[in-house]
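Note that the chains take the letters A, B, C, D, E and F in the order they are written out, and that residue 1 is the start of every chain.
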Amino acid sequence: MDSGNTAWLLTSAALVLLMTPGLAFFYSGLVRTKSAAATIMQSFVMIGVATVVWVLWGYSLAFGTDIGGFVGNLTVFGLRGLEGDGLLFMAFQLMFAIITPALITGAFVERISFKALLVFTVAWITIVYAPLCHWVWAEGGWLLDLGAADFAGGTVVHINAGAAALAGALFVGRRRDSVAETRPHDVSKVVIGAGLLWFGWFGFNAGSALAADGGAVNAFVQTQISAAGGLVAWTLLSWKYTGHPSIIGAATGAVAGLVAITPAAGFVGQWPATDGYLNFFPALCIGVVGAVLGFFAIRALHNWRDMDDTLDVFAVHGVCGMWGAFATGLFAVAEIGGVNGAIGGSADLLWRQIVGILAALAWSFVLSAGIFWVVQKFMPLRVSETDEMIGLDRSEHNEAAYEYDEIGFGWDASDTIDEEIPSGTEALKRLLS
Amino acid sequence: MKKIEAIIRPEALEPVKRQLIDAGITGLHVERVAGHGYQGGVVQAGRGGQFYTVDMIPKVKIITVISDFNVEPAIEAIISGARTDNTGDGKIFVTDVEEAVRVRTGERGREVL
Amino acid sequence: MDSGNTAWLLTSAALVLLMTPGLAFFYSGLVRTKSAAATIMQSFVMIGVATVVWVLWGYSLAFGTDIGGFVGNLTVFGLRGLEGDGLLFMAFQLMFAIITPALITGAFVERISFKALLVFTVAWITIVYAPLCHWVWAEGGWLLDLGAADFAGGTVVHINAGAAALAGALFVGRRRDSVAETRPHDVSKVVIGAGLLWFGWFGFNAGSALAADGGAVNAFVQTQISAAGGLVAWTLLSWKYTGHPSIIGAATGAVAGLVAITPAAGFVGQWPATDGYLNFFPALCIGVVGAVLGFFAIRALHNWRDMDDTLDVFAVHGVCGMWGAFATGLFAVAEIGGVNGAIGGSADLLWRQIVGILAALAWSFVLSAGIFWVVQKFMPLRVSETDEMIGLDRSEHNEAAYEYDEIGFGWDASDTIDEEIPSGTEALKRLLS
Amino acid sequence: MDSGNTAWLLTSAALVLLMTPGLAFFYSGLVRTKSAAATIMQSFVMIGVATVVWVLWGYSLAFGTDIGGFVGNLTVFGLRGLEGDGLLFMAFQLMFAIITPALITGAFVERISFKALLVFTVAWITIVYAPLCHWVWAEGGWLLDLGAADFAGGTVVHINAGAAALAGALFVGRRRDSVAETRPHDVSKVVIGAGLLWFGWFGFNAGSALAADGGAVNAFVQTQISAAGGLVAWTLLSWKYTGHPSIIGAATGAVAGLVAITPAAGFVGQWPATDGYLNFFPALCIGVVGAVLGFFAIRALHNWRDMDDTLDVFAVHGVCGMWGAFATGLFAVAEIGGVNGAIGGSADLLWRQIVGILAALAWSFVLSAGIFWVVQKFMPLRVSETDEMIGLDRSEHNEAAYEYDEIGFGWDASDTIDEEIPSGTEALKRLLS
Amino acid sequence: MKKIEAIIRPEALEPVKRQLIDAGITGLHVERVAGHGYQGGVVQAGRGGQFYTVDMIPKVKIITVISDFNVEPAIEAIISGARTDNTGDGKIFVTDVEEAVRVRTGERGREVL
Amino acid sequence: MKKIEAIIRPEALEPVKRQLIDAGITGLHVERVAGHGYQGGVVQAGRGGQFYTVDMIPKVKIITVISDFNVEPAIEAIISGARTDNTGDGKIFVTDVEEAVRVRTGERGREVL
């Protein structure tokens, strides 16, 4: 790879890393104060855990030599023999393996046991994520061989996280105090989180071109248009349905648009293929429809009692991810990504996309549920009722998110020391003596 | 001396403060509280457009200690600043105060108010 | 464009995108709590609205085939036929079209009607921004042909936004409760906003070199020096005039320095041209003087009753933008940008700069006022008195910025459900049945 | 330098710039509300001050023509004659000169006089930082000539800042109200700060390769692994020792891992050199051990009364920096950085590393103490007891970090103006008249 | 009329509120306070694993003005919602209220509660 | 039993708390309030160096319920901790308390304080 491509991929990997703190903020703003810090931690800790798992065995399971189209072997365990471009690809892929489990945590915020979350995560990256990643992106992976198209992770990241979130919401169970609603405690945190996600998503999608070329540029532009479409559409929907244009809705719509374009970004663009008069159209359509689907998915799922997918991971990532994968099968044009979609005349891709969607959905849901089922044999998945009431910040981490109040935290008599503070030279003397 | 405690809407704070000052009552302090009463709660919307109600409502409490003869003017001032004729306008409570002290001087009684 | 240039331009476009969330935070921190979220939204929504306008017709009006030096035609409507480098340039320019209307919103925070803002924005990008952008940067634009120099948007972005802000402040009218002052509710938000703006500004200015070469490096360094000069100067000014070094002043000074260097970044650097002994000088001077002018402009404008340009958009962007454009005419040296300024011996550039400044100022002020004048025929520009008192967060968006207080928002009796929470397998059974 | 390398270095420089606002947030979250804004300012102002010092004489002292292996001369004073790659290197180095003094401020938050801090900083960059930087990185520097290895600033940045922090803590003296503990007022600020630091650190370390090549890729990956190791290790340590997995601990562990890998990132990687079976190992080990050392260093130092290094700058940057420099001497392999460490068979490097560590430590501690000693002859180093009690936000800057409370800050009767607000056309008329 | 002020643990707010509402007492408001009493303080941990104690503890104060005959039921309701048998459960104070006014209507006396 | 409410400067909280504890009064709680009185307001500066005044000033309210014989010591303790001789030092108000209950035990009366 030349220096320009390397520069772009390094930049992209850094951008995708930043998405996880961004997500931490996005999620934290959406929950109540008493679990605000714990929610951040649930995403942030993934950067540590997933990195360790990935560099040890995760990458090798995903991208080691193919075993039957299904999983990689352990040839590159512990980064064995990786350097240069291979190492760079490993690093870029690593960032995806970090954010995907972080996405899932939205399903069970405010009640998950931190210990159970860690155990689940290690198992999940190994058993669910690495193989699915292999199917879609690794040489020999069966979905790749089938010809299913996933540019930057519609199946691997979003459908996968969405289905696992569904399993998680079911197994962890609903919050005790509020079935259907979450109450965002900080709108500005939600928006800055969405802003960082958007920024990082350019690395996610345009970086997936694996080069700084016209393909990256195309993916960049598609990403921007779809996100903008989602933002505008969701804002208008909330305005129509609640009477007020929702700020959180705008942020969510942007994310929905970003999710939806993820699998498509490298396959769509020129429209119609013949003369490209409406080049803006596929991406705008993907973003707007993504937002509409996400919006109504949230409405629908909130009526479902047992399914307290608190931060709507399935509705936003699962549903929009499925739409994006499907839309890739509709709008793809050979001029951009080398393959035509249904509208471009070839229904083949569409069927493959549907196979990919269903495979990812089933694989992730069943295995994630299985992992939860096993984990709960060994430890409770959720905290006690009192701890839930107190909030995860204090009960799980003994660290309140905010102690803004000067009262009682400002100047504490019990600590005050009446002794003289020594001068610097005095202190230095004491130090040396 | 009496203590007047009035729970009002946050947006009524400034009108009420102005009315009280106009009525010659300048010593006061305010607190944030969350209220529950006849007013049903605040309706909020989730991002899927679903509605839900929060049953504790942000309110402001104005507290002022005044001489007995000022009680009625104070009540009137508060009502004229805070009344919108909707539930949730608030309540005023009057209690007795036995002593008042000015920290700066150690003075006591009505003069310190 | 080679991969290195493409990498840098992709990075730059992403950086400029991030400036808008940065601005949202910068502005939000400066207003009062009750409109903190709405202020964020006013910037954030621009990413959606401006993108849609730009990819549909805005880019084409700005960069389509020239009509009389004045505006582009619709040849590239809807991104028709754009790909590769052209598409990349479109994306980079798009980010400028997003932040410019966002900048204007500072003039009428805490009272603007969200609906009116949206309508104004769509009209403004179309009628005011796209043509001015064409004049300055598009092939055939009359200011470009005249030889006026604007490296990264001193006229197009800053003077333009400043003049529109002036019109907005006049038409929307002052806040009801506080004519002269704004009361920042979160200093840390202001600084992190300024930090993100600064970071993104490297994309804005060094990206405007449209290549990763010595010109970009030069713009990068000029940007850093000027911003630093502005930061230090404003801090000292506030110290002298109020007795305390202001933190918000430091952040504002940095922004003032960044604004001032914007038009100049690609034209100044070597100093004096003969031996370059004082290469640091032009940028430092531009930043320091920018801060001084901005500081006194705020003081002066705050005495003017009808003009409640709440977050000082005209003082910071208008005045410093004019200074920067003027200073380009002073300090430009042919060794850097191919043209000499007044000090370098040629008064020509200075006159052209003045023409550019006045043209941008007049065009933007008159047309922006016109748009407001028309919009107010159809809808009120500002919210009602009660809504202003309640704050835009609750009245326009029904979303308070913060609900940090656990009281009343923490655990809500009315919601609590006494039923047992089903186990995961139980829930799964119910799901499947 | 080709466009790809230039693109990566421009990006890296911007990333390192962003670290300082990141650090401002990290530090601010760790202090109490009443000094939250002042703590941000102490880092933020460095961007201004250090830039001015660096472009005037700092860079020249560091990288001007060598004088006796000890310091540079003034040949490049004021950026004289710098352009292209030289200018780019100057800019990249500048960002290091900004964050290093910012790091030091953690030692004396909540009590330092702002004026004294500024004076100290100007002197410190000139007298302490620039020469040390010369020793290690400039042509002719004696540590470079000796063969000590410091890839991205283990000695120049971290040991240096840590030792200066020790001197600062001694001379400024402990806080009056709380000897041993700091009370974080905003955990989310700490984590977002750590996130931005991590993101920026890719520029810091991978940028230090000064090219977008395999070396940069390697540094990038080592950085990620070590930081992840630190994050996980510190989380587990806090869990074991306090019964709860600490969120602030996770953030601190990440920083400890990042510090520790800094000097090593370009020298370690392949492991063992013969077959690279455990390539992940050196970085993981460096990160984990770094976190362990940092954790116990904090515990140990907190028992030391006179040494109120409030935000543990010495424990996190000094100790982990020393460990990293030492570990470079252990794990370096010629395949990666051209030189072998002790385990790779050559004890030479280890001794050179120890010389480098001790030289940096002594130089920085002694001279920093000297500067404080001189400064305190002219002005008090800390604020008065009352001002400390009130908090630096109000006493030094007269700007409270937060005024979230609408009460008393929302709508102020005294300001309200009863006059009619003029219409836009009316206001325009008044303006023109 | 009497004013009941109860200082309780924040996590006891909802149970107490529910008990009060069940006892027919719906007019109330709450405030955040920081308390100091027999309960020693909150133990927190520094990032080096060191422990320290903060001597002011976050509490919630529930305030309700009620008719005299409601005092005992209210006290019982609060105790039953807030009691954990550990120090720090809180205190209840009863004071006399002379007058109550509903802002919305200007009505006075017991009916407005 | 009497209730002492003292509105003081935030930075006086710790000295006052210490004085009260030294006087044997350990049961107390504090609240944040915003005050308005003789003290004119807080002067703040805009970023253009213009000054403006905010007429509500952050204060802290200390509340402690004590036995009657403790009232004078408590007032003295508060004054000695909070007095700076400048306007804005604050006010102390004393009211009567009829009953006190310890939630943890259900005990009543003076012993629970």
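The definition used in the following text is that a residue touches a chain if its C-beta (ideal position, glycine included) is under 8 Å from a C-beta of that chain, and two chains touch if they have at least 3 such contacts.
Since we're looking at a predicted model, the values are computed, not measured.
**Student:** For the two copies chain B and chain F, what is the rotation angle that overlays their Cα atoms, in steps of 5 degrees?
**Tutor:** The rotation relating chain B to chain F comes to 120 degrees.
**Student:** So chain E and chain F: same face meeting same face, with over half the numbers shared, or different?
**Tutor:** Different, since most residue numbers here occur in only one copy.
**Student:** Hey, which pair has more contacts between C-betas, C-F or A-E?
**Tutor:** Ranking C-F and A-E by C-beta contacts puts C-F first.
**Student:** Suppose each chain is reduced to the average of its Cα coordinates; what separation in Å results between chain A and chain D?
**Tutor:** That gives a centre separation of 30 Å.
**Student:** CA centre of chain A versus CA centre of chain B: separation in Å?
**Tutor:** Here the centre of chain B sits 47 Å away from the centre of chain A.
**Student:** Mind checking the centre-to-centre distance between chain B and chain E? Centres are C-alpha means, answer in whole Å.
**Tutor:** Those two chain centres are 19 Å apart.
**Student:** Which residues does chain B have that touch at least 2 chains other than itself?
**Tutor:** Within chain B, the residues that touch at least two other chains are 10-11, 14, 17, 30-32, 34, 36, 44-45, 54, 56, 95-96.
**Student:** Among all residues of chain C, which ones touch two or more of the remaining chains?
**Tutor:** Residues 2-5, 7-8, 11, 177, 181, 183, 242, 244, 246, 248, 389, 398-399, 402, 404-413, 416 of chain C touch two or more partner chains.
**Student:** Which part of chain C faces chain A closely enough to touch in the complex?
**Tutor:** 2-8, 10-11, 13-14, 17-18, 20-22, 24-25, 28, 36-38, 40-41, 44-45, 47-49, 51-52, 55-56, 78-85, 87-88, 90-91, 94, 114, 189, 393, 396-406, 409-412, 415-417, 421-425, 427-428, 430-431
**Student:** Under the touch definition given earlier, write down the residues of chain A that touch chain E in their complex.
**Tutor:** Going by the criterion above, the answer is residues 177, 386, 389-390, 398-399, 405, 407-409, 412-414.
**Student:** Across the complex, what residues on chain E touch chain F?
**Tutor:** Touching chain F from chain E are residues 2, 6-8, 31-38, 56, 59, 61, 71, 75, 78-79, 82-96.
**Student:** For a test of understanding, state which residues of chain C touch chain F in their complex under the given definition.
**Tutor:** That would be residues 180-183, 234, 237-238, 241-242, 244, 246, 248-249, 252, 295-299, 302, 312, 315 of chain C.
**Student:** Touching residues of chain E toward chain D in the complex: what are they?
**Tutor:** 44-52, 54
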